[in-house]
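Chain IDs A, B, C, D, E and F follow the sequence of writing; residue 1 opens each chain.
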Amino acid sequence: MLQVNDLRCARGGVPVLERVSFALNPGEALILRGPNGVGKTTLLRTMAGLQPPLSGTVDYPEGSDAYASHADGIKSALTVTENLTFWAQIHDRSVPETAYAAFDLHDLRDRLAGTLSAGQKRRLGLARLAVIGRSVLFLDEPTVSLDNFSVRMFADWMRDAHLGQGGCAVIATHIDLGLDVPALDLTPYIAAADADGGADAAFL
Amino acid sequence: MLQVNDLRCARGGVPVLERVSFALNPGEALILRGPNGVGKTTLLRTMAGLQPPLSGTVDYPEGSDAYASHADGIKSALTVTENLTFWAQIHDRSVPETAYAAFDLHDLRDRLAGTLSAGQKRRLGLARLAVIGRSVLFLDEPTVSLDNFSVRMFADWMRDAHLGQGGCAVIATHIDLGLDVPALDLTPYIAAADADGGADAAFL
Amino acid sequence: MIALLLRDLRLSVRAGGGFGLGLAFFLIVVVLVPFGVGPDRVILTPIAPGILWVAALLAALLSLDRIFALDFEDGSLPLLATAPIPLEGVALSKAVSHWITTGLPLTCVAPLLGFFLNMAPGAYVWLLASLALGAPALSMIGTFGAALTVGLRRGGLLLSLLVLPLYIPTLMFGAEAVRRGADGSGVTAPLMLVGVITLGCFALLPFATAAALRINLR
Amino acid sequence: MIALLLRDLRLSVRAGGGFGLGLAFFLIVVVLVPFGVGPDRVILTPIAPGILWVAALLAALLSLDRIFALDFEDGSLPLLATAPIPLEGVALSKAVSHWITTGLPLTCVAPLLGFFLNMAPGAYVWLLASLALGAPALSMIGTFGAALTVGLRRGGLLLSLLVLPLYIPTLMFGAEAVRRGADGSGVTAPLMLVGVITLGCFALLPFATAAALRINLR
Amino acid sequence: MPELGDYTAYVISSYVATIVLLAAIIGLSWRRSRRIKRALEDIERG
Amino acid sequence: MSMWEYANPKRFMEWTAPVVPWAFGLSGVLVVGGLFWGFFLTPDADKFGSTVKIIYLHVPAALMAINAWFMMLVASVVWVIRRHHVSALAARAAAPVGMVMTVIALVTGAIWGMPTWGTYWVWDPRLTSFMILFLFYLGYMALWEAIDDPDTAADLTAVLCIVGSIFAILSRYAVRFWNQGLHQGTSVPVVTGGRTIADIYFIPLVICMFGFGILFIALVLLRTRTEIRARRMRALTARAARA
């Protein structure tokens, strides 16, 4: 479903990672690990098509991907429901009732998103993923500022609702999500100092 | 050094926590725990004087406090050194060489802060605390997006450099910092639904 | 796309009088001018059409940087870019919502302000007509400029610098139409040209805007 | 405070031609006016002083929201508020850096632009004098307005709305001084009044600004 | 020196202005070129 | 070998290295020679008196101001289509030179205006178009300066240059429509296609035009070389930082 082949990606014109290859079948997920600055965010953005790879390929069914980082496109001036409805409409869907339940947002439905606490806002951001119905997810530290209970809730949703229904996901995180999926440490893939490519390659 | 007495605080005009009391001596720290939305951020902001308490008192030596949340006053257009130097100058101090070492910023000194990864930026934000030399710290989820190694580095700095030299700290966090300090779960202090106070109290 | 348009309109209403503020700025600029140049009617009447057009343009300008900046800051923009609507559609919808919140109210209220500047009586209807035809072009050009500068700190001023020269033809034809209306000479040519500019902008600029957005999101 | 001033100046230089942009906007507004009101010198000469003042004011206005917005967004502002420098000092330093990056270059270049508007020859020196005296007041008043609206979405337009009425006295006396200079009548009274406004603003507004900041940070 | 008559000031000032502007752009380009060249050589030498 | 090979930064540096001094030398000879000829060796015109000598500055500068923008447009399109770094950098390098040419045309024109029209500035269409061209140069340069990432900056400025060119042409028509103008067109013998100007003025003028043109080329080459070096420096520093 997701096929990454010998990918090399850059950040700020500097090659960061190289020789990254893996494949995920429907229902599988992969956890990206590695110290700060190793290039997790860069890799996710490249796979999501937000920046072009230096070389290598990323394959998944056109229009099936979703990327989520800390900034989650949540408008403070809209309520929780309005936020979710908007993203649903943009994707030509309706908001499933289960999205509220899965992220414990029932009580917060009519609150303006701006008045949520950090963790509540994060839950709303995750609920967006349940709403847009994309099957290949690229998640950058999705559980930042969630309490342990919410982390488990997210893991449950991921296992049962997303992977269980044939989706797949690549998740960068520093904590243990309690998901039983393989992890990929990116440290061995750090690009050599003299790696090819990058915006300035022509000038070297 | 820090004395909190029967504090009641509100967020968005709604009382959130009440009857919070504790005291810290120099060298002591307290970890705030509790599920998302319980009021950790609200409590920290109140103690740091960024919002007035509904009732109760917070005492510490005038001008000895520092508050740090996700937004850490880091300018993307300045380098790491320039950022730290600025905050040092504002506090009439110079940047101790140890600040770079304690947060592993040596190699990043001349990088523009805007080009740092999430965790590197966070380390810079924490290094600011080592530079301004305040002794009462209020930290809101200081280790968000740090890898395990950096979390330990932060804990070491906190234990040895800050608490060890007679500072104290209140830290809200969901993860285990590896610090041997008491934790306070805020759940029992949630304000009763009919609690007094709040902006609209006069109309009730 | 309709959903996006509705959301943007709702947001600008929620953000506290979305419709009112552009208008208020227009009002204030128009009011400032007599303070600057003096209250003499002999001076004011001939410059009224030009001042009104310049003020409308500045009022439109001032709200431009909000078109994409907010969506960029909270991360909506990459999400919209990967959503199943074409980015050209996003650009168009943004321009339309800017026009609805700024250009349209401006157009409606301009004749009223013409009155404060002692505009010649014959000019009112042409002021309305030229703004109705030209204001959408201002929004579309502005959206293009906003896409170029999205994500830049201090984008506001840079944006003005980039956009103002692009506004010049619209301004020239628009103000010329009103002046000719005031004289009673033929207004068809300049009005038609304003219309042509607007059509051209809406036909071409969404693509340039989408291209600029894609580059900026990279 | 010096550190803060230097940082702000450095930031505005880094952000790409900090000094140039306000200037460029000034230039563009001045150029737009003839496009709006037509090229006739008989019309342009009498309105030149007023237009130049209004344009200077708008150029100052457009960069106001950056005064505190960036520091607010990245969380510097609460940190500055708890730092061992008085918040009044912060306000003053912000106003001064705004003046250095905007008001000062504007003042220097205004006579040049007077030339494009066919300003009367006698008016140049008074234009320079009135802007030199008045521009600092524009920055200080603007800083106050920026403090009132910091943290508000869509603050830009609201800010203009709040600040423009406060700008009116400075504008009136400033433009009046230049117009009298052009006529050759006595300029002392309006010039003195501009000076008095500036002094008054710098004496009082830092406190009001600091108070507004404190409230907004709560 | 040719006789310029009433227009001496105009002609001379346009020549001076042009020469100053050209000299400025040439000088600035040349200075930056020198500076960058030297900096690059420093880096390439290591 | 295709001609695009010359646009490879390394090759570009190689083949331009010997060209630059020659270009500067040739332009120096032509500009100094043409101006000397024009200033010292031509008679005053009947109608203009000695002010006709300004033409040797004014017209070549005006010509190059427009041509510089045109060159930037071509370079931008080449960058967008073929993604040759040198063309983007050449466009960037040309902008300040083009702007200086615009300023020279404006300043000499304004000075010329006083004896002929009795004013330094009128809103004549030709003058106004140049004013607008100046604004386009300003905006273009400001956009380059404001963006950190060089490729993003190249892309965005290219988009601006292309869209801006359309609007620049539109402005020319708008300006004509807006004001009929005073600027000398046919009433004076000028360098229009028919070459109605007397040889005695024409030859030094043409020399100056070539001189300004080659000076422009020399400056653009020099500045492009500087930009390439700056990029190379950036690349090397970034690589060193990673090692």
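Operating definition for what follows: contacts are C-beta pairs under 8 Å (C-beta built on N, C-alpha and C of every residue); 3 or more make two chains touch, one makes a residue touch a chain.
What you see is a predicted model; the values in this text were computed from it and never measured.
Visitor: Shared touching chains for chain B and chain F?
Guide: Expected: A, D.
Visitor: Going only through chains that touch each other, how many steps at minimum separate chain C from chain F?
Guide: 1
Visitor: Report back the single chain whose CA centre is most distant from the CA centre of chain C.
Guide: If we average the C-alpha coordinates per chain, B ends up farthest from chain C.
Visitor: Taking all residue numbers at the chain C to chain D contact, is the shared part over half or under half, that is, same or different?
Guide: Homomeric contact, same residues on both sides for the most part.
Visitor: Taking the mean of the CA coordinates per chain, how far is chain D from chain F in Å?
Guide: A distance of 34 Å separates the two centres.
Visitor: Can you give the whole-Å distance between the Cα centres of chain C and chain D?
Guide: 24
Visitor: In angstrom, rounded to a whole number, how far apart do the mean CA points of chain A and chain D lie?
Guide: Whole-Å distance between the two chain centres: 45.
Visitor: Averaging over Cα atoms per chain, report the distance between chain A and chain F in Å.
Guide: So the centroids are 49 Å from each other.
Visitor: Mind pulling the chain F residues that touch 2 or more other chains?
Guide: 135, 138-139, 142, 146-147, 178, 232, 236 - these are the residues of chain F that touch more than one other chain.
Visitor: Out of chain C, which residues touch more than one other chain, so two or more?
Guide: Counting only residues that touch two or more other chains, chain C contributes 15, 73, 152-154, 158, 161, 164-165, 168, 172, 176, 218.
Visitor: I need the residues of chain A touching at least two other chains; which ones are they?
Guide: 12, 70, 76-77
Visitor: Show which residues of chain F lie in contact with chain D when the two form their complex.
Guide: Within the complex, chain F contacts chain D at residues 119-124, 128, 131, 135, 138-139, 142, 145-147, 178-179.
Visitor: Report the residues of chain D in contact with chain C in the complex, numbered from low to high.
Guide: 12, 15-16, 18, 21-22, 24-25, 28-29, 32-33, 35-38, 43, 46-47, 49-51, 53-54, 57-58, 62-63, 65-66, 70, 73, 152-154, 156-158, 160-161, 164-165, 167-168, 171-172, 175-176, 179
Visitor: State the interface residues of chain C toward chain F in the complex, per the touch definition above.
Guide: 144, 148-149, 152, 154-155, 158, 161-162, 164-166, 168-169, 172-173, 176, 189-190, 193, 197, 204-205, 208, 211-212, 215-216, 218
Visitor: Spell out the residues on chain D that touch chain B in their complex, using ranges where they run on.
Guide: Touching chain B from chain D are residues 3-4, 7, 10-11, 14-15, 70-71, 73-85, 217-218.
Visitor: Note which residues of chain F are touching chain E in the complex, please.
Guide: So the residues of chain F in touch with chain E come to 35, 39-40, 44, 49-51, 53-54, 57-58, 61, 96-97, 100, 103-104, 107-108, 111-112, 114-115, 215, 219, 222-223, 225-226, 229-230, 232-233, 236-237, 240.
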